[in-house]
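Order of writing sets the labels: A, B, C and D. Residues in every chain begin at 1.
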Amino acid sequence: MNPTTVGVIGCGYWGPNLLRNFVELPDVEVVAIADLDEGRRAAMTRRYPWLVATPHYQDFFGLPIQAAVIATPPPTHYALAKDCLEHGLHVLVEKPITLNVRDAEHLNELAERQGLVLMVGHTFEYNPAVRLIKEIIASGDLGDVYYIDTVRVNLGLFQDHLNVLWDLAPHDVSILRYVLGCSPRQVSACGAACIFPDVVDLAYLYLEFPNRVIAHVHVSWLDPCKVRRITVVGSKKMLVYDDVEPVEKVRIYDKGIEKPSYTHSYADFQLSYRNGDVLIPHLKLTEPLRIECQHFVESIVNGTTPLSSGRDGLEVVRTLEMADSSLRSNGNRLLIHEQETAGGFAVSAA
Amino acid sequence: MNPTTVGVIGCGYWGPNLLRNFVELPDVEVVAIADLDEGRRAAMTRRYPWLVATPHYQDFFGLPIQAAVIATPPPTHYALAKDCLEHGLHVLVEKPITLNVRDAEHLNELAERQGLVLMVGHTFEYNPAVRLIKEIIASGDLGDVYYIDTVRVNLGLFQDHLNVLWDLAPHDVSILRYVLGCSPRQVSACGAACIFPDVVDLAYLYLEFPNRVIAHVHVSWLDPCKVRRITVVGSKKMLVYDDVEPVEKVRIYDKGIEKPSYTHSYADFQLSYRNGDVLIPHLKLTEPLRIECQHFVESIVNGTTPLSSGRDGLEVVRTLEMADSSLRSNGNRLLIHEQETAGGFAVSAA
Amino acid sequence: MNPTTVGVIGCGYWGPNLLRNFVELPDVEVVAIADLDEGRRAAMTRRYPWLVATPHYQDFFGLPIQAAVIATPPPTHYALAKDCLEHGLHVLVEKPITLNVRDAEHLNELAERQGLVLMVGHTFEYNPAVRLIKEIIASGDLGDVYYIDTVRVNLGLFQDHLNVLWDLAPHDVSILRYVLGCSPRQVSACGAACIFPDVVDLAYLYLEFPNRVIAHVHVSWLDPCKVRRITVVGSKKMLVYDDVEPVEKVRIYDKGIEKPSYTHSYADFQLSYRNGDVLIPHLKLTEPLRIECQHFVESIVNGTTPLSSGRDGLEVVRTLEMADSSLRSNGNRLLIHEQETAGGFAVSAA
Amino acid sequence: MNPTTVGVIGCGYWGPNLLRNFVELPDVEVVAIADLDEGRRAAMTRRYPWLVATPHYQDFFGLPIQAAVIATPPPTHYALAKDCLEHGLHVLVEKPITLNVRDAEHLNELAERQGLVLMVGHTFEYNPAVRLIKEIIASGDLGDVYYIDTVRVNLGLFQDHLNVLWDLAPHDVSILRYVLGCSPRQVSACGAACIFPDVVDLAYLYLEFPNRVIAHVHVSWLDPCKVRRITVVGSKKMLVYDDVEPVEKVRIYDKGIEKPSYTHSYADFQLSYRNGDVLIPHLKLTEPLRIECQHFVESIVNGTTPLSSGRDGLEVVRTLEMADSSLRSNGNRLLIHEQETAGGFAVSAA
């Protein structure tokens, strides 16, 4: 079988990681890279001297390349992905897939029309810890999920013309959708622009999912500590995923409050607390990005829809777009009208 | 000089701590305790056999008692404090001082009319860590405060007819007011009632203080981990107060983002990050409650207004009342009209 | 039934804790305290005004007191315990029971002759975490115990004429004997006297127990961090007890190295590593000292030998005495001749 | 200037890291690799397709290679380094340089005779944290160093015919020599062979340095937790280096015990404890191995003696050899006769 041929656009912060993984995958041949910066191109060809290196990604279209991997700044995602799809390339694009719903819709239509794979780099869906959490929730071990609280903060990289919501929250929204298996119905957001008047660098999202499940997302570029923490509170057990921990990432707490069988007014006198064991399941720590890259190649080879498909990317963008609206309108709670059929969405006060 | 004579009402969860501290203070004589529960009274008189123990706090009025310390469930605070003040006793009442602004206003008027000390047990204002934070902010070391994020969660004690907002958030609102030296102007709140339909056990508050300072408060009775964490982010430095740490409670991070001298569109290219030392200042770990109890006695003896006065208690209640309103109205952002003169307040959409 | 009557000698560092626990025990009456320091006596009678307080413990002999609790500096243990036993009092004495084997032998003989309870305050034998460890080892869950490593260090209280070995290591030696169910056969020790030429403030002990079980004890008064950590390494699983952790004190690691069924020279190629789950069992956190005090009273009432008997205290002293010998002789390894019959012991090079 | 040409022998565990660093260094050309395993060679040439890959390191001698980097199992170090030196190649060899003093002496003589660079991969001497510790000690900030305690344990890689002493302790001995600027004078060691009868997998070393400085080293392949911790206790301040911490690796404690100006018998009453601030200095986290590789190249180009020279490697081996002797003789304390001139050493009971 011929190897899948790949070109990588953007070799700045995240691109080299994608490049390394594709280089090391069997049955893949990385043919070329594109980056506007000469220094970055030189650094990459020093490591991988066989690569064609160009400032113009359009050069890919004249090379034997089947798939483009796009790791450029988010404002360029739409135009680059569109061009690549239009030239018949499969596309893996970093998150967020685009910066608005309309563009994401368009990319999906384009890919579907041409039978090309469109995948978005929601890396955490390929993370063994997140996959374990999904399994645990699905198994019923936690009981009904009451709420999920996520914190993703540190002293972060400010990006030009992009607020922290679009930079960090895609991770959390994609994780929430993945582990809960559904999309949020309502969202509100508040935050602050501390450093630059027009760049929100601190944000809090409140999300309502079906079945009265609540989620809260805290993202910030301005925190002195790196925190990557997700707490899932269920009616039977509770779970914490701390991604900063090098090994013991997931902890399952056999803790909870036992409700009386019927509810009456003397609530507190009837409650009992359960403080049981804590279990830290062993995780095989495969690099999530490796699994993601492999999944992209398999989707191309098998002609299947990837897990983090362009449609999933679209739904994450839909939530972020509404969150951004709420952020700009005093934190009003907004409904998210997910529409399976293509074309538009609607905003309305919740 | 004669000792100040004290009686303690309520010997359940927190009362024994107050009792112990007043017993061990010099120049104080604890005369009596009141608790409806016979077992609790017996446990206290076993430790302090000289105490008059009664189920009826009204018995205090016939004893040589100058000051009442009230550590009963919050819904009883108003009636008990009112009765004690009307009988000429100075009052130290646990937080929250009352469950609505009107009652808090009334207690303050009563105390002021009679020249009695009315103090609320905002313990954290007597905590060496919190006092250090206030000093550091005031010194300008952190630069301008951008925002304060607080988390106060664990598997908590549900209380009858009282949501988590009124149970835990008084600590955070009183700390925020104390360290910033002002009251919030706007508030919104969201949350969930996971265990009982009518008892909110998870809440998030968004607060705006003067000078564009933002605060966010996360309180929960349903978290598997005990977290007591306050992050203060300033333009020059950042600070974290972790109250769960046994010794190293406050950390000052010489970290930040240096803004360029003028703001233009290529924001990101001009920013520089500062990652400097971390300083953990030594704290003398005096029991905050001891300092609080002593302060109450001194306020009585010297006829001075205590730090956490009834008026402060009122302002905390004002914020909580508005937060509760927001919680019940889809998280709408509400203005908080603080009024220095007595009598009323107003709610309006922000 | 009449309550057991108790007097406490020494109200300095640890005595008040013993006093509080005995005061709060049912069926116990604390009658008197003895302390040379007037301030300490006053502090105690302020809390417990009914107590007879005296500088002369001999006054106990004229009071209706059945049992003496001795919490004075170790050099006084022997004389005080001897006098109390001779006057017919049951004795609970803090660790170490004495500072040499001969004295410990003598106290045991005295107690046995008179049918009095002689107990030593090896608190950790009443600690739920240590008891759990003993159970886990006994259950075989860890497999064969290979070795136990203990660390007990912090910036500590120097004591007059007493080295760190006698101050801190009694805890570890008593824990090791308790969880392994046997006494060490050999010991060597090294260390340093950093602050005062004649006071060892840092020490390392190497102990060999029966069945080739090794233990190593690190004690120091000069460490910047408080560490209280015991690691038990078994052939099947491993366990860590971290007493500084407020709640999650014991962790069981399903980790290990699988030996091949037969041993040959290509050892490494045959080994497999097991990295499994970590379990943190829930511990009911009862105060160990409460359990210890209760056990003392029960031993008196029932006429039974306590768990941490005078004989156990003697065996701990035997080990410490040999360790001290080793420390003074260049760390030579010494045999510990435990002799069930009374009278003497022998030192010899291992 | 022509680049320095390098060949790497051994591409197993550590070799690929050396290879990556030399590949990325400017003014260096990696020409070839040697490894007996075909799979490893293939993995490396997949990444760096221009490399000559051979199972026979002797092939290097026919290639334009100036320097050999040896990352093979320790028992092969001597023969490989000898052969490379004899063929006129500069040598960087992984630690320990050899498995006995005689061999290390011989390598040094060989290199010196031919004017070749002989360097040993004591990586920690190029670690910014260790360098900071050396600076802090040298500055006098800690006062006189009383003792250094090191722990380097985890579930480790057993190696064929090599005990844990030779595998892990070279790090600690080289760090100790580097930060103290001198060699130990005496050593004793104890330990256990838990898994295989003849392979010590747990060891404790006690070392005496000049000026009464004590060090203790704990190494183990059988600990459930990864610990990499060095504590330096000085007369003025104390320092902890925790290499498992991702960022905050070094903490300086302004803690200590103030001795009275003259020493008398009432030691304890005169001592005062100082519990001051903790400072976590910012560390620029450059990869130590990069600095090490660069230093090797510079030593070749400039004809200078490297920091971790063959002589330093020899001294570390001298200490380990004596420690191993002690381990096999009941932990006897042994003198280490360091001899600046070549040729032999002597063992004698301390």
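As a convention for this text, contacts are C-beta pairs under 8 Å (C-beta built on N, C-alpha and C of every residue); 3 or more make two chains touch, one makes a residue touch a chain.
Since the structure is predicted, the reported quantities are computational estimates derived from the model, not experimental observations.
Shared contact partners of subunit A and subunit B are C, D. Ranking B-D and B-C by contacting C-beta pairs places B-D first. The mean-CA centres of subunit B and subunit D are about 54 angstrom from one another, to the nearest whole unit.
Centre-to-centre separation of subunit B and subunit C, using mean CA positions: 42 Å.
Shared contact sites, meaning residues of subunit B that touch two or more other chains, fall at 275. Interface of subunit C with subunit B (complex): residues 23-24, 46-50, 226, 244, 246-247. By the touch rule above, subunit A contacts subunit B in their complex via residues 146-147, 149, 155, 157-161, 188, 190-192, 194-197, 199, 202, 204, 206, 212, 214, 216, 218, 220, 222-225, 231, 233, 235, 238-240, 251, 253, 255-257, 259, 263, 265-269, 271, 273, 275, 330-333, 350. Those residues of subunit B that touch subunit D in the complex are listed here as 248, 254, 275-282.
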